[in-house]
Every structure is written in structure tokens, then in C-alpha cells.
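Structures are listed in the sections that come next.
The following pair of complexes shares a single chain, chain A, combined with chain B in the former and chain C in the latter.
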Partner chain A sequence: MAIQPDLSFAPRVAELSHQPVQRCYYCLRCSAGCPAAPFMEYTPAQILRLVQLGQKETLLRSSAIWLCIGCETCGTRCPNEIHAGAVIDALRQMAVAEGVPVGERTVFQLHRAFLDSIRTWGRLHELTMLMQYKLTSRDLFSDLDMGLDMFRKGKIHPWPKRIKGMAQVKGLFEVTGERQTG
Partner chain B sequence: MKRVGVFVCHCGTNIAGTVDVERVIEEIRKYPEIVYAVDYKYMCSDPGQRLIRDHIRQDRLDAVIVAACSPAMHETTFRRTGESAGLNPYQVEIANIREQDSWVHQAHREAATAKAIETIRTIVAKVQYNESLLPIYLPLVKRALVIGGGIAGMQAALDVADAGYPVVLVEKSDHLGGRMAELSGLYLNLEDGAAHLAARIEAVQRHPNIQLLLNAQVTGVGGYVGNFTVQVSQQVEGELVPYTFDIGAIVVATGYDLYRQERLGEYGGGRYPDVIDGLQMEAMLRPDGPTAGRILRPSDGRVPKEVVWVQCAGSRDPELHMPYCSKVCCMYVAKQAILYRQQVPDGQATVFYIDIRSQGKGYEEFVQRAMEEHSVLYIRGKASKVFQENGRVTVWGVDTLTGLPVEVQADLVVLATATVARADAVELAQRLRISTDATGFFNEAHPKLRPVETNTAGIFLAGAAQFPKDIPETVAQASGAASKVLSLFSQRQMVAEPTIATVDVDLCSGCGLCVPACPYNAREMHPWRGYSVVHEALCQGCGACMMVCPNKATRVRNLSTGQVLRMMEAYLERL
Partner chain C sequence: MEHRYAFYPGCTLHSTGVEFGVSTELVCRALGLELVEIPDWNCCGASSAHSLNDRLFLALPARNLAKAQEVGPDDLAIPCAACYSRLAAADLALRQDDAFRAEMEATLGFEYQGRVRPRNLLDIVANDFSREQLAARVKKPLNGLKVVSYYGCLLIRPPRYTGRWDDPEHPQSMDHLLGVLGAEAVPWSYGVDCCGGSLTLNRSDVVVHLVDRLVRAAHEAGAEALVTACPMCMANVDGRQKYRGGAPLPRKPRPDYEPLPIFYFTELMALAYDLPVGKVLGRHLVDPRPLLRQRGIVL
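Showing the complex of A and B:
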């Protein structure tokens, strides 16, 4: 089935991500250096191209946008100063806002757990974050050995500590939170 | 007997690596007429030339033979060397022992050395009978003809006229401006081309040195560089008015056509009203055009909300259409897409392309701006099919970057059709005795080093008549052509080689065989005297007339039948 380009999508992604997505001329340097690209069904360059072509559904449902680890290799190497990672973040926001079934559920849950920990304590508390992630992903026993090792070495504190500036953190969530969607 | 000096060049190892130059010297010294013979590493170098000069004086030489590379390389060099030592330049001859000996017989040193000796000996025999000649001076008409009143022709005409020489500017249509007058805003700054053009047209019309002939065509060209005779025929109120001009140099600036859309069946060219070509789009964008500058669908006059451009329509397709890249389309498509997006902000602009070729100052940035600032979607892949259905034009293609097939529902499709040679270019080329390439564009004399000259002396090229070019390139070439004209006109007279055919009128029986034998139209019967004459400016000294002359009345100076026979004898002596 032939796709029908939708030219209104790219400017929206550009605005949300603050990235000049229409500037990409497909040199593929982003994808050549991307450590996650071998696991993605669309490489970072293809993601940018699909943005240019306005293939919103395909992108928001893809697992590729959830596999990005945010290492910034793509953005560092891009000759057109496009940070594909930021574009991918924007696509994730759109996917969440529109309630599209998430392409990689566990990745989403990890992010959620991380953010919830920040929201609650003002900083990361590994134990409660991991408990939340393990419960929501229903993957209770993998990584158990490593968890015990970390506990023994004092890397995981049993009791969370709330930071002083909770008001500011709350403010950050208000500014950046669910307000920004597609 | 002339006192002859022989100078054998090693050309580094080019000659000496194969030919035993010492043996050559030893052998030729045995001939009584050779009063001096020497070899040297590079005879064309300053010390090499000094060696020749010194020995012309010291040994009172009457003739010099330089055994070296082809005369095409350094004949002029060594003739000048001889002249500077008081020798008539036509007493200097080249014996080619490089291209015709050492280079082609590298595996046979012995034979190559023998051949070098024979070659020099034959030239020694020839030079004995060389006449001392003076160059021929020919009249030079300092008036230029420019064919074509587009931006190329106008620029060339203005440059020549500004330098103070009269120019005849012949334009086929009833107005100046050519294709540029059909264009709207120009890249890169989208400024109105009409204003610039109007200034040029005004300058041409007002110039006291330019004689402008509109509705006119060149119907005949005779003569040669510096002395062309040109017939022009002008339409005046339905009547043809003939003109004849004496012309010294000609600039051909006849421009281009677009490839016919009808030949692009798969794109529906000429079949669907809403499929148009680049110039039709330009016409719509022009404030003085049929739509007063508004982009409207030809079928129903509505504003198109989705416009598709198809690049390389008929270009880069050696199998079916034109093999070359038309060069200007990438840029004008970007420009049209930007102008469309400015005029219809809620409209979508899509471009199908194979490669973007944006080579020029600021060109790449311009195309990038179309994509980035004006949201023009570029799809890398040639459109495969265009068809009209339910009032819309559907374009099929593939986005080769993702491998996904693409379908665009368009209101208007613009085919960036190939830029081709004018339909009558070949006919004009024949009239001018210049050549065209396989696609009908006029041939330049050398693709790199003589890009504005043709192979016919005194005829120059400007603009897209030679190959697709945009305005800046066209203007640059036009000024280049004008400067060629001016360097010709800056001479007092035309100087030509005297080593050409001459007729002994006492021997000529007037049979006329030489006239058709001449490939350069240089031979003609005298109108009433009953013998044949030579046009000195046209004759190239090839000797074809000498071969057919039954009375031996025709002879090429310094290559007479007698000289050729002496050379043969010298060669056969050894056998």
C-alpha cells in the first residue's frame, strides 16, 4: 500500500522537539553510529524520514522510538545539527499523550518508575523505583543477583530521603509535565 | 648548398631512452651540408634555445632542423628562436622523432635510431628548397554579428559595443529578452527578473554601436574569420527585407528549447490540463503573465492545494530521452516551490528527484531553505506514473530512502522537462560551418580550455545554445565570447601562415579540378581570367589541390612536389 505524505506533521515535530527535522538530507551518520540501531525496526535516519513524510501512526506505534538510549551520538555527529534523540523524545511524548499502545512496554514502565521516584522524593530512590518497575512489568526475578550484590555493597539505600527543594521539583513537573503533548 | 644545423633533443628520456642520440649525431655529421650537429637534454629550454641561437650566428647557418617532438608542440617556439637570431622562421623545420619514433618503437632501440637518422635526413633534403617566407596579412572587418537577443546575446553585444565596435544583433522573434523574459522571480533572492532584463534591453536599444534587427534570421554565411559575409532577412510588415553585412566575428547565442511534454506519456504530459512544464509554471508566476502572477489550475482556475514537481523529466535517461543532466531544473524547481509556498501558505509542495545538483554559490543553501523553511517535501525517487482521476492528478513514486511506495494526490503537476537544443540548431550550424553534438547543442573547440570558441575561427558561443546553463553562467560565457571577439578586433590586421597553396598562373589551364578537391572552400576560379585562385585566409595548406592538379600549377609553399621527391630520394638513398 502506497503511503500518502502528510506535510503538516514535520513542522509539529520540529516545534515540539526544537529540532530542524526538515533539514535532514539522509547522510545516515546518525544511524551508522547508533548503538541501538541494530535493534530498531527504523533507524534514527529512517525515523527522521518518516517524520518528513508525515507517517505519524507508523512512528508512534513503533518500538524504535522506545529503544533509543539517549546517548546523543546521533546529534553529535549530525552535519545538520539535528538531535535525533530529541526528535524521538517528542515522538514518545506524542505517543503517550495520544494513548497509542506503547511499542516497548517495559521501557515505558522503567521511564515511568524513574519519573515517579523523582516526583515523590525529588531524587532517585533505587529500591522503590525498582519495586515499582518490577511490579508493573511483572518481571520479578530477573536481575535479582545483581540487585543483591548492589544491596550488599551499599549501593541501594533501604530508606528513601526526600530532598529540600521539593517545591521546585514540583514546579519542574508542572512546567514540563503532561502539558506538552502532540 | 645551404649550411644546415641539426639540433637533436633528448626530451629527458622520452627520446634518448629509446633513440641512441649520440649515434644519430655521429651519422648525420657525415653529410656535407650539415655544418653543425649537437644533442641536448631539453632543446625547448632556455639554454637549449640559446644553443640554437648561438650556432646560427657562429656557424652562419642558412637553415635549422630541430629533431624533437611533434611540430604541433614546438614548431612555433623554434621558429621564433630562429627568427631572434636573424633567420627566416620558415627556414626552421622540425624532424619529429618523438611521437612518430621513440614513443612508438620503445622495444626496438636499433630500428628507432635508424628511423631517427632517416627522418632527419629527409628533412635535410627538404629544407634545402625551403623558401624564406613572410606571414600573410589579411584585412579584418571590425564588426561583430550576434545571433540571438536573449540575455546571452545582449550581454555579448553590449560588451563588444561598449568597447567601441559596431555590432549587428539579429533576433528571430519580435522582442528582446529571450527565455529570460519568460521567467518569474529568479533564484537565489527571488527578485523580479523583468526589472534587470528591462535595463539590459534598454541599453541594447539605445546603444549607438548596436544595430538591432528583430523578426530577422541569418540566411547565409560566407567567408572566413575577419571577413565573413552574412545575409540576414528581416520581416517588415509581411515583407522580407534582405541585408548583407561584412562581419569580422560571430557570436552564436540562440538559447534552448524544452523537451516536448507529449513525449513523456507516463507523466501525462500534454494529455492532462493540470500537468504542465517548468516554463508554463514560470508564466503563471509572472506578474505580467496570463494569470497575473497567481498559481491557478489550468483545468478549473482554482488555487492548487497540492503541487508536485517531477524532476529529471526527460533528462538523465539515455534509453528513452536525453542522456544528460539539464542542470538548471534542481534550482528552478526549488525556486518555484518556494514561490508557491509563499503564495499558498496552506498548500503542500512535493518534489520527486533522483539527485539534487545544486552547484553554485549559495545554491545548496537555497535548496536546503526550500526544505527547511518552506516545508517543501523532497522525495528521492523518480516519479513512476502520473494520471488524472476525479479532478485530481495522482502521482506514483517510491521514497527510495525508506523503500516505501508513495502516492500523492495533487492538484497540479509540474514536469521539469529536459533543456534541449533549439529545433533549428543543426540547420544554423550547417550554415555557419560549425558542428553540433549528438543532442544538437553547438560544439565548443575544447571542452575545458576553449569552451567559448567553435572549431571555426571567428565564431564563438554564448549561453544555453552550447549546453544548459543558468543566467549567471550564461552571462559569464557571453562576456567570455565578447572578449574573444575583442581580442580578435584588437589586432591591426589578421596574420596567417604563408605555408599555403599558390598557383603558377602560367601553368594553370583553368580545368577547375582543384575547386571541388578543396575541403575548406578555399579554391575558386577567377571570374574572368581563366585560372584558379586561392583564398589565403581559408587555405589550410593540406595539399589536396596539389594532388589533383594535372599541370603541377598548384603548389603548397615549402612543401612542393619537388621537395617531396627530394625527401623520397634522401630516404631511398640508403636502400
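Showing the complex of A and C:
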């Protein structure tokens, strides 16, 4: 089967991420230091190469783009000053904007629950955030042991508190085009 | 000499990182370092904002910078490594991107003055105080307690946000500080390796793998404990040793597992300065108190 490259993809990713993706000459320093690389089907260098080759569908459907932890090792070590983390952020956002099935559902749902917590309270409230995450991911039973221990040690508060400046926080969600869940 | 700083605690210092919050307050008071909390601050967006929306990633911390301008002191002390990185990123964007600055000024009703400087608490303690000033308050030296300094990721990277207050590949500020306290910071190769950050709940297998590697490397280096400056690192390296995720049954520890207590650098400062920090040490998931007693460090 012939592979059809999307030639507008690399310039689009460069624009969204503000990163000079065409500069990558595949030295692999990013991937050698990447803590998530063993779990990714494409390493950071391969992701950059697939961007250069216009392989949009492959990347937007990948699990790898959701496994980047954002630790900035790649960007700090790149001799061409490409921050692969920023490129991957742009790919995630393209995947969500285009409605592509998300490669790592639970990762996406945790981020969603986290942002919804900020949208509701202005700060993170762990307990309600976790409840939303557990319900949407249907991963109900993992980590109850750790959660109970943290609760017992007073590290998870039962009741959320709302900050006063919620109008401003909502304003920030609006001007940045962050949509409501559901 | 008076030290006044604006202060952004961030969400975790009141919850999962409560030990960091308590020990930060104790140590800052002892050093004569006054923290003026910025009013009505909001969450910085952590790992989730930049993962889903790179504009929200800068906008959420921008509000905190606007609030910090109201407070007074120019230097803004931020204990959490992730919060620090997000506020530094937003400040850089406000400085360099005219359209973004105009949008934030209109949305938040403020005028960006560019005088607030987001700084990590470790940078402040290690660089605004002399070795003598830090040593003068030591009442109970840590008796050569062998530790590894764990810098992790966003505390010292990327340099465009940190401005290189420490080397991104071979940082030393925590090692020097621990030496002043009487501990021995042993060399190891994992000081700037990431713990897995935000994947802790949704891909706990990745974090368990990374944490196992860190704990094993620390033991191999001859360390009795690991020292961090980040509440995410604490939650992961402390929590995932013991609670390993995985449903329906938790993952088993590896056969040669030995517990490795984790400390915030501020907790070790509080112990060496003889401040009442013993109570919060019991809130760690891997209890560090048996090690301290064994090493003759009285709580």
C-alpha cells in the first residue's frame, strides 16, 4: 500500500509548537535520555522524523504522544534547540481538535479531570478530581490503598474550597478556547 | 539583613505535599526569610494544561504573576518545581509575546510591569544565603547521614525558563546545602532523571518502572535516603515504592526491594536547625523516622 504523506503537516506542527522541526538530523540524544521511551511505539526522534515525513494520521493516533511526561530532557539536550516536548504538546492538541481517537484514553481523561477541577474551584481539589477520573476512565479500583493512606494522613482534603477570582479563571478558559467536558 | 519574598505555595503544599509546606514555613522563619503569600492564587495548570492547551498553559500562571505584582517584593518564591516552571514560562511569554501580553492584560485587568521574578525556593536558599549564614543555624548536624540529591526535571530544566541558576545536567546546589547540614551527599548518576510525573495515576506501570530504577540506583550509590525539592517527586518516589498500582491486584515489589525514605530538603534543614518537624515526617508513606533514630538524629 502506498503511503500518502501530508506535506502541509510539518509546517503546521512547526507553527503550532514554535519549534524548528526541520532542523532535526536524527542524532538521537533526545531519545537516549527520554524516560518514557521504553513505553512508546515511536521515540521522540522518531516522532520528529514522522513529522518531517508528513505522517499525520500515524502520529495523531499514536499512544506515544500521550506518554511524554514533559520532563524537558529532550529539549535541554537537543543540539538544534528543538523542544520535542513542545512538538508533542502540539500533536496532542491537533489530535483532540480533529477528534482522532485518543491513543491513551486514561492519560487524556486525567488531564481533562484536572482542568475541570481548576475550572470549578480555581485550584486542584484531589478528591473530586479523582472521582471524575475514576468514573470517566472506569478504572475504579486501582490505588484505593494509596488514596486511603493519604486520606488518613491528612494529605487529601474532603471538601473543596473555591477561590474568589473565579470570573477571571473562567475568562482565561474562554480566551484560550478551552472547551467544557461532555 | 532582611529577606522578603512574595510566595506562591501552589495546590500541593496544602495537600499531598503538606510536609513541604510545613517545613518550608519553619525553615524560612529560622532564616529570617519573610514569605508574603500572594492573594487568592490559582492552580498553575501543572502537567494537564500544556498537555491539552498550550495557551491555557501560559494563561493560568499569568494570573498568579498579575497577583504577585500586587504584593510588593519582586522575587517570587515557589517551592514546587512544576509550579515554578509554569510561572517562569508564563513570565517569559508575557515578556516576549506582545499579543499574549495584551490579551492577558485585558482579561485580567492589570498592567504587566516585568519586575516579578519567579524563583524556586532551592535557588533562593542556596544562592541568597551564604554558606556561613546557612551553617550558623545548624544546631544538630545530620551525623553524616548518607543521601542522594534528586533534582528531577523541571527544577533545573529547561534553561530558557530557569536561567541556569544551577547546571541542568550536573546541578550541585542541593548537594552543597546538604553538606552544610552535616549530611553526606553521595554521587550518583540519576540526579536529573525524571520520576514519571503526571503518569502516576493513569499509567502507574511507567512510574513504578522509573521509581524502581531510582530507588535501586540510590541504594547502589550507598545512600540511606533520597532528598527532593518537588512534591510530585515525593508523591511518586515515596508512594510508588509502597503502593504500586495495578488493578485488580497491586504490582508486587521486586524481590530485592529495600525501603528508601524520601525527604524534602527543607525537612532535613528543619532537623539540622532543631525545628519541630518530627510530626510531619510521620505523614510520609515510607516512614523515615526509624532511619533517623538509627542514625542518632533525635526528633
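Observations
The working rule: the second predicted complex is superposed on the first by the 172 of 182 C-alpha atoms of A that agree within 3 Å, B and C clash if a C-alpha of one lies under 4 Å from a C-alpha of the other, contacts with A are read in each partner's own complex, and residues count from 1 in each chain.
We take it that contacts are C-beta pairs under 8 Å (C-beta built on N, C-alpha and C of every residue); 3 or more make two chains touch, one makes a residue touch a chain.
Every value quoted in this text rests on a predicted model; they were computed, and no experiment measured them.
Of the two partner chains, chain C is the only one touched by A:I163; chain B is not.
One of chain B and chain C touches more residues of chain A, and that partner is C. In the superposition on chain A, contact is made by A:G70 with chain C only, not with chain B.
Judged by the touch definition given at the top, the superposed model places A:R49 against chain B, while chain C stays out of reach.
No residue of chain A contacts both chain B in one complex and chain C in the other. Within the complex formed with chain B, the chain A residues making contact are 1-5, 7, 10-11, 20, 22-23, 25-26, 45-46, 49-50, 52-53. Those residues of chain B whose C-beta lies close enough to touch chain A in the complex are 348-350, 368, 371-372, 375, 377, 379-380, 396, 399, 401-402, 404-409. Across the complex, chain A meets chain C through its residues 16, 35-36, 38-39, 67, 69-73, 75-76, 83, 86, 89-90, 92-93, 96, 104, 106-112, 114-115, 117-118, 122-124, 126, 130, 133, 137, 139-143, 145-146, 149-150, 153-157, 163-165, 168-169, 171-173, 175-178.
Interface residues of chain C facing chain A in the complex, by the touch rule stated above, are 11-12, 14-16, 18, 40-43, 45-57, 59-60, 62-63, 103, 107-108, 152-154, 157-159, 168-169, 192-194, 196-199, 201-206, 209-210, 239, 242-243, 245-248, 250, 282-283, 285.
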